[in-house]
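What follows is chain A paired twice: with chain B in the first complex and chain C in the second.
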Partner chain A sequence: MRKFFPVEDLARDSRFTQINMRQAEADPRTALVGPNAGKRAKVNRLTPSRPDASEAARNLMHGIFVGEIQALEGAGRTCHDFELPDSKDPLSTDTVPFALKLDMARQAWDESRHVEISVKLGEWMGAEIGQFAENTILFEAACSNDPVMRLAGVNRALEGLAIDVFTTMKEFGEVAGDPFLEFCEDWMLADEVTHVKMGSDWLRKVTENDPERRKKALEFQSIVDRLFSFGGARSESDDSPIGLARRFRELAGFTTDEVDEIADVSLAALEARKAFSAAAMASAE
Partner chain B sequence: MADPYKPREPFAPWDRRQLPGLFDVEESARRVGNYKWAEMKLFETLGGWVATVPELDVKMRLGTHCYHHAWHAELWHKRLPELREMNPDRLTQPANDAMVRFVAALAEPEAAEHTIEKLVGVYRVFIPHFIAAYTFHRNNTSEITDAPTIRSLDFALRDEFDDWRDGEMLLQSLIETPEEVDRAAAHQARLEKIMLEAGGITGPGTIGGA
Partner chain C sequence: MTVPFVTVTVEPEEFRFVAFDSALIRKIGESYVASLRIDRPVRIRVDETTPLGRIRAEIGDTIEVTVESGAFENAKQPRQQSEVATNINLGRILLRVSDRLHGGFAETPLDDDMSLPQMAAWETYCAGRLTRMGLRINKQRWLYNFRNRHGFTDVADAAFETLWSADNLTWSELDTISSNATLNAVPS
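Coming up: the complex of A and B.
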């Protein structure tokens, strides 16, 4: 088995259709400007009062499901792809400590449970596996050759997004009167806070004596955060279906400044998405 | 009311544990180091395979079992310093070169069409050998002096049996044709031959008789 597994080779059964970020953003059904924009609710945040709430919730749940599969695959690959540090070269950037591998294995188990939970929740909500396309951006962030980049991209950015998504879904379950959904999201949220904290702790520890590497990792996290803002799908604006879960992010080890920065990045991504959609509409006319 | 000052036997009549055991501290540590190495290789392989299998139920089981074996590796890692090995990495070793070749052959299948080979290697070869090695150690070490190892062996064995059952059921549900039976058997035989050369997870004498 190879070290470092390319995203194009992710194994799926025949129900799945995979797309990349650009294809997802170009989907006219999610346009924030142009002729389709008027068909959407004025407030985009996922609430039961939205006319398309059921479909949007199923779509989001399916997104959680495929995201959990990729998070499981990413954690598993980190167990496999890196060797233990050589005592002769303890600062090597392509090794990981034994305890970090153990944490990644634990995360693989957690993500397996999340896949199980999201399959059952999807069924409960009336969705089918493969009903929506799978955006593979999450696994791409887990493909770096530097384990610290993976911690920044997956544990801090992706799992941070999961905190936001689960908080939104938990609130949706609460408002919609669906205790089953609220219960499950709350449990998954607890795991995700643990995963983000794990990432924050390891990032600090592994780069303790390498400030340049830490800087690069945090820059990479910022890039991934922008990508995971899904063109504004996650921000503090009501135009975004998913909110920013400040309290849980702080529990997971983010500082207030870091959360502020993600809020700014997310808002900028929302504006960029609007501009991209407007340009696409203009060129189509 | 019973007299609390009445002398009682230190070992109750139903407690038949014995002091003698086959392994001294060094031998127990050597075996534990081999276990840790083998469990590590297994959890790394399972983690790597998750992305390569298209079957969703298999994918989730591999993720779950990956953690079980990581936890066993952690148990053995913690046990080593208690067995006078202050540098656990020194004893975290394969029993011999054949074990290294066994793990390489186990981890070789990668293609999405090779789920049967992946599962056969783990659930029809490697895990049964773990069960054998752990059972032999558990039943032959001193029940009193080496009780902490026995406790970890019991935890690990419970997982091994449960995981073996999961894996065997997955395999039985995946094997649908006589050709697939042959594929499974051929891969099992190939791996068993290397394991035979290794003498088991801790080398010759893994289950006695060396």
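Coming up: the complex of A and C.
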């Protein structure tokens, strides 16, 4: 079976339309700056009190659905792409312990369940499969040749984002009184916390005697965290629809300093987004 | 009855941040103006600086429709226009305008003063009529919106069906259905 699968070759049927992060970031529009920004709500967080709450929640649910597909594909690839360690080359960077493969297999099983749950939740909310563009950034973070980079990019950054998203959606369902949304998100959230914990534990274990490799992996995670902030869509600011779920991140093995860093990175992404949009609008005048 | 010719204008005529076609928007607007017997000029202003999708209308000598670009956008292809979305969302707002103009809706609050359940009820009433005008509308989408505002209950679902299938409601009737759905809610 083929190894190291490129993002362009992911299997999707005709319902799906894919975009990459560059295309998404090229969109100069934002609700946060511009001539009419002052007339909009001061708080942009995704809650049922937003006039467009149903539409925004449906859009986010579709994003969760495609994210789960890509997380399934990423975990499956990591399980398959790397060989077991060779005792003659213990410092090899392209092998993984068998127990790590088992964890990735368990994660793939979890993600496939999440895909099915997300499809049903999407139908419940009135979304159709492929209704929204699929951003492929999540799988792109899972394409590194170094398994430790994948742990940093996928398990810690991607699944960390999933913790933030599921917490936001769980609270949305709770406040709206949606009997299924809150329940399902809570269960999936528990899985995501486990996935992040697996990533945190394996990252520390595999790089135990290789501080330089660990440093590179954490730098990669920081880059991915900035990208996964989607131009400020996730941060602790009220301008962001998705908040940062500090408590669940701590349960997942993030230190307070690490969460603080993600908060800073996310806020910087939000401010960069505002500056980009303001400049685009100014140049168009 | 003869319907006077009513002009529809679209601003901007040329878009900078999105690839929208003002002529297509105008054509769809003119079609609704004729079929809904709207008797005064309509100006459609598209705010292309935001991807949000809110639409609103103010009725004066001219009907001012303000649309955030997300309302006309193809969700599969960001910044591209969707004729289907343009049809549905222009139809929603112009049906509300038509309701206000043609009687039975005199005591309707201004859009900004309307509660979220009232707006969800009116939107349901509009979406149901658009279906019968031949547009393909995802009913579950509007049911979910209605439930978010009236509760996830059998009473709310029954009220939704009443509004969805109605054609000649007054504001008072619509508001009563919405209020009862919330007040008499029994969890399912």
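FYI, the second predicted complex is superposed on the first by the 271 of 285 C-alpha atoms of A that agree within 3 Å, B and C clash if a C-alpha of one lies under 4 Å from a C-alpha of the other, contacts with A are read in each partner's own complex, and residues count from 1 in each chain.
By definition in this document, a residue touches a chain if its C-beta (ideal position, glycine included) is under 8 Å from a C-beta of that chain, and two chains touch if they have at least 3 such contacts.
Here the structure is a predicted model, which means the values were calculated and not measured.
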item	value
Contacts of A:115 with chain B and chain C, given as first, second, both or neither	first
First, second, both or neither for A:177, with chain B first and chain C second	second
Partner chain(s) touched by A:272 [first = chain B, second = chain C, both, neither]	neither
Partner chain in contact with A:17 - chain B first, chain C second, else both or neither	second
Chain B versus chain C as contact partner of A:218, first or second or both or neither	neither
Contacting residues of chain A [partner chain B, same complex]	1-2, 5, 9-13, 69, 72-73, 75-81, 84, 87, 98, 101-102, 104-106, 108-109, 111-113, 115-116, 119, 129, 139
Residue ranges of chain C in contact with chain A within the complex	16-18, 47-54, 69, 75-79, 116, 119, 138-145, 147-148, 151-152
Parts of chain B lying in touch with chain A, wherever the complex brings them together	40, 43-56, 59-64, 66-71, 73-74, 77, 89, 107-110, 112
For the chain A and chain C complex, residues of the former touching the latter	17, 19, 23-24, 27-31, 33-37, 40, 48-49, 51-55, 58-59, 123-128, 130-133, 176-179, 277, 280-281, 284
